[in-house]
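Each of the two complexes below includes subunit A, the first together with subunit B, the second together with subunit C.
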Partner chain A sequence: MDIKKERIMILAAGLVIGVIAVVLVLAGNPANMGFCIACFIRDTAGGLGLHRAEAVQYIRPEIIGIVLGAMALSLGRKEFSVRGGSSVMTRFILGFFVMVGCLMFLGCPFRMILRIGGGDGNALLGLAGFVCGILCGVLFLSKGYSLKRTYRQPLSEGLVFPAVQAAFLVLLVMAPAFLFFTAADGGPGGKHAPMLLSLAAGLIVGGLAQYTRLCMVGGIRDLVLFREPKLIIGFAAILAAAFLGNLVTGNFHPGFAGQAVAHTDGLWNFLGMLLVGYGCALLGGCPLRQLVMAGEGNTDSAVTALGLLTGSAFCHNFGLASSGAGPTENGKIAVVIGIVVVTVIALMNTRKENK
Partner chain B sequence: MRSYIATFYSHFGAVRFRRECLARGNPAKMMPVPRALSSSCGTCVAFEAEEAETEDPYGEIEQIVEIADGKYIPIYKAENL
Partner chain C sequence: MIDARGRSCPEPVIMIREAMKTKEEAYEMLVDSRVCVENVTRYASHEGYHVTVTERQDDFLLNIKK
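Here is the complex of A and B:
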């Protein structure tokens, strides 16, 4: 595939994904949350009882679909490749703190774009922080930062994470009494599109993201490092489709105050997404990309996703997550600790070029 | 001079390979990995040489392809790829 065709494909994929996100909101997902990898992993953690925040408990089929969709397409294209072993625990910790940043801002990079497309001005400050965080990561990349290489692993190892997602799907369908479900009027977790629609949307987005390698972090990283706009075209296409879709459906509400599942504290919106951009640049991909790579058999990404899951449970168990009322004091401390920890990880894994 | 693309297990591997290409006097630049070569979104090195160096003392090279007639012709793949 030449570069022009790659750019057209990623543009088309971005437009389709943006439309799907708008459709999911119309079908029941929370406003500006057609997709949010962080929120949906957090909801899944709640559904499994890993935290007890009653407003955000629901095993989200979109997450399951993304992983299984990426897996199906990678198998079909003979690109399912089981590998891992690259600084696994470090990736877990990075995933953990990326989630801390996401839940300070109230959204992953994907939802940040959807929030901007819905007119949420607070997300523009998040975008500024996100870009600054990626630039911090790129600085270390250019100085020799590396989490070291991956190694080939047995097939069974790569199947575990998709199998866990399939098990979550079975649990969701069977809905045993030990799962937690937010009541319909009980908060964001109670707002969701029909299960099959959510699953289908996840499968399509997972497949498209696998095919195009769509990544919110990679777009800005490649633009800065190589002046290559390919991935950021996907980013822009999602924004354009979400913006137009929200305009058409009457869901475009420009402003700062009163935005859905958002707060107006600009500094902490900025710092939360700075932590996300910084951590994701060091991980080599945004939360969406981590799920897609986990579906392709990358066990490092699977461990990162577990870091995200664990982080989300901690955020709600320890009062780190923001709400519409704003960030918490615990959350602010956690974000500062996160920026320090990510910087220490960057410094410890940066080596001189000649070593 | 022939044209090649090398892909790596890490960004750092690409940085070091490019530096060594330039030290040998071979034009080289880093860029995102073309989709046709990998589903990974990492960094590769496009370089020119009379003949590609396929020794990999650091264990960082994933594959090397030669670009000929707009096609990628594999000339090296890591054993465990």
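Here is the complex of A and C:
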């Protein structure tokens, strides 16, 4: 694909994804949460009973759709390739702490863009932290940071994570009594678009993200490292579409106070997203990209997604996650520990022989 | 020959960037995913190189020339 066509494609994909996000909110998702990979993985953890925060329990079809959509398109494009084995436990831990950062801020990088597009000024502080975190990661990448190479693995290994997602879909449809679903008026988990619409939206976004390699972290990283703007075009397109979409539908509310599923503690919005940007830069992609790569057969990304899932359960079991009222003391400690752990991981994996 | 098989992006691009500091006329690089082919090709083009891709079983051989 030539460079110009590539840029037009990711611009178009970003616009479509931004519009889909706005539509999902109109159809029932929480405000500025057409998509949020972190929130939706957290809701899924709650739906499965891995945490018992009653306000955020629902198996989100968007996550299932993203993985299966990316898988379908990668199979069609002959890009489904099963590989893994690159510092697997380290990736799990990075995924865990990326989730800690996301739930301090209340959103993944994808939702951060949607929040900015909805007028949420707190998300601008998140963006500032996110950029700083990515710069920390880029510093180590430039000095030879590497999680070492992946290896080819048998087909069956690559099918496990998509199969688990398919099983989640079956659980969602069957809705057995042992699952936990937030009541319609019980909190963000109770707000969701109709199942089939959410699933379709996930499939489309998963497919588009697979085709374009869309990544919220990659955009800023590539611009800094290589002056390469392709991925940031996607980032900007989502922002533009979300902004215009919210404006048209009356969901644009500029300001800091009273934003939906957000708090106004600027320092911790900044530090939460710093941890996210830092961890994701070391992982090689944002949570959305991890789901897409897991759908393409990358088992390291699948383990990263499990790290995100586990992290979300911990956050709600031990009071680390923020709420509209603000961050918790436990959450602040966890974010600081996260930044330290991520730095130790960066130092341990940056050696001259990696160059 | 730069062996970037199994390396996830952006590592292969950083590897070719480091290698290009010596400003040689040609480089050979092995990668094993289409994303890496795209990313390395894009970077090399920006640097004024032309890239030809040869598919070899599970890998891609990139010939990068001025």
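Some points to look at:
Going forward, the second predicted complex is superposed on the first by the 352 of 355 C-alpha atoms of A that agree within 3 Å, B and C clash if a C-alpha of one lies under 4 Å from a C-alpha of the other, contacts with A are read in each partner's own complex, and residues count from 1 in each chain.
Rule of thumb we're sticking to: contacts are C-beta pairs under 8 Å (C-beta built on N, C-alpha and C of every residue); 3 or more make two chains touch, one makes a residue touch a chain.
All of these numbers come straight from a predicted model, not from anything done at the bench.
Of the two partner chains placed by superposition, only subunit B is touched by A:L231; subunit C is not.
By the touch criterion stated above, A:E329 is placed in contact with neither subunit B nor subunit C. Residue contacts after overlaying the shared chain place A:I3 against subunit B and subunit C alike. Of the two partner chains placed by superposition, only subunit B is touched by A:R289; subunit C is not.
In the superposed model, A:T150 makes contact with both subunit B and subunit C.
Using the contact criterion defined above for the overlaid structures, shared-chain residue A:R351 touches subunit B, although it does not reach subunit C. In the overlay built on the shared chain, the residue A:Q210 is in contact with subunit B alone; subunit C does not reach it.
Contact with neither subunit B nor subunit C is seen for A:D185 once the two complexes are overlaid on the shared chain.
Comparing subunit C and subunit B on the residues of subunit A they touch gives the larger count to B.
Once the two complexes are overlaid on chain A, the subunit A residues touched by subunit B in the first and by subunit C in the second are 1, 3, 6, 79, 81, 86, 141-142, 146-152, 213, 218, 222, 225-226, 228, 230, 284.
On the side of subunit B, the complex with subunit A involves touching residues 9-13, 15-16, 19, 30-32, 34-36, 39-43, 59-60, 70, 80-81.
Touching subunit C in their complex are the following residues of subunit A: 1, 3, 6, 79, 81, 83, 86, 141-142, 146-152, 213, 218, 221-222, 225-228, 230, 284, 300, 355. Of all residues in subunit A, only 1-3, 6, 74, 77, 79, 81, 86, 141-142, 144-152, 210, 212-213, 215, 218, 222, 225-226, 228, 230-231, 284-285, 289, 296, 351, 353 touch subunit B in the complex they form.
In the complex of the two chains, the subunit C residues touching subunit A come out as 5-11, 13-14, 17-18, 32-35, 38, 42-43, 45-46, 58.
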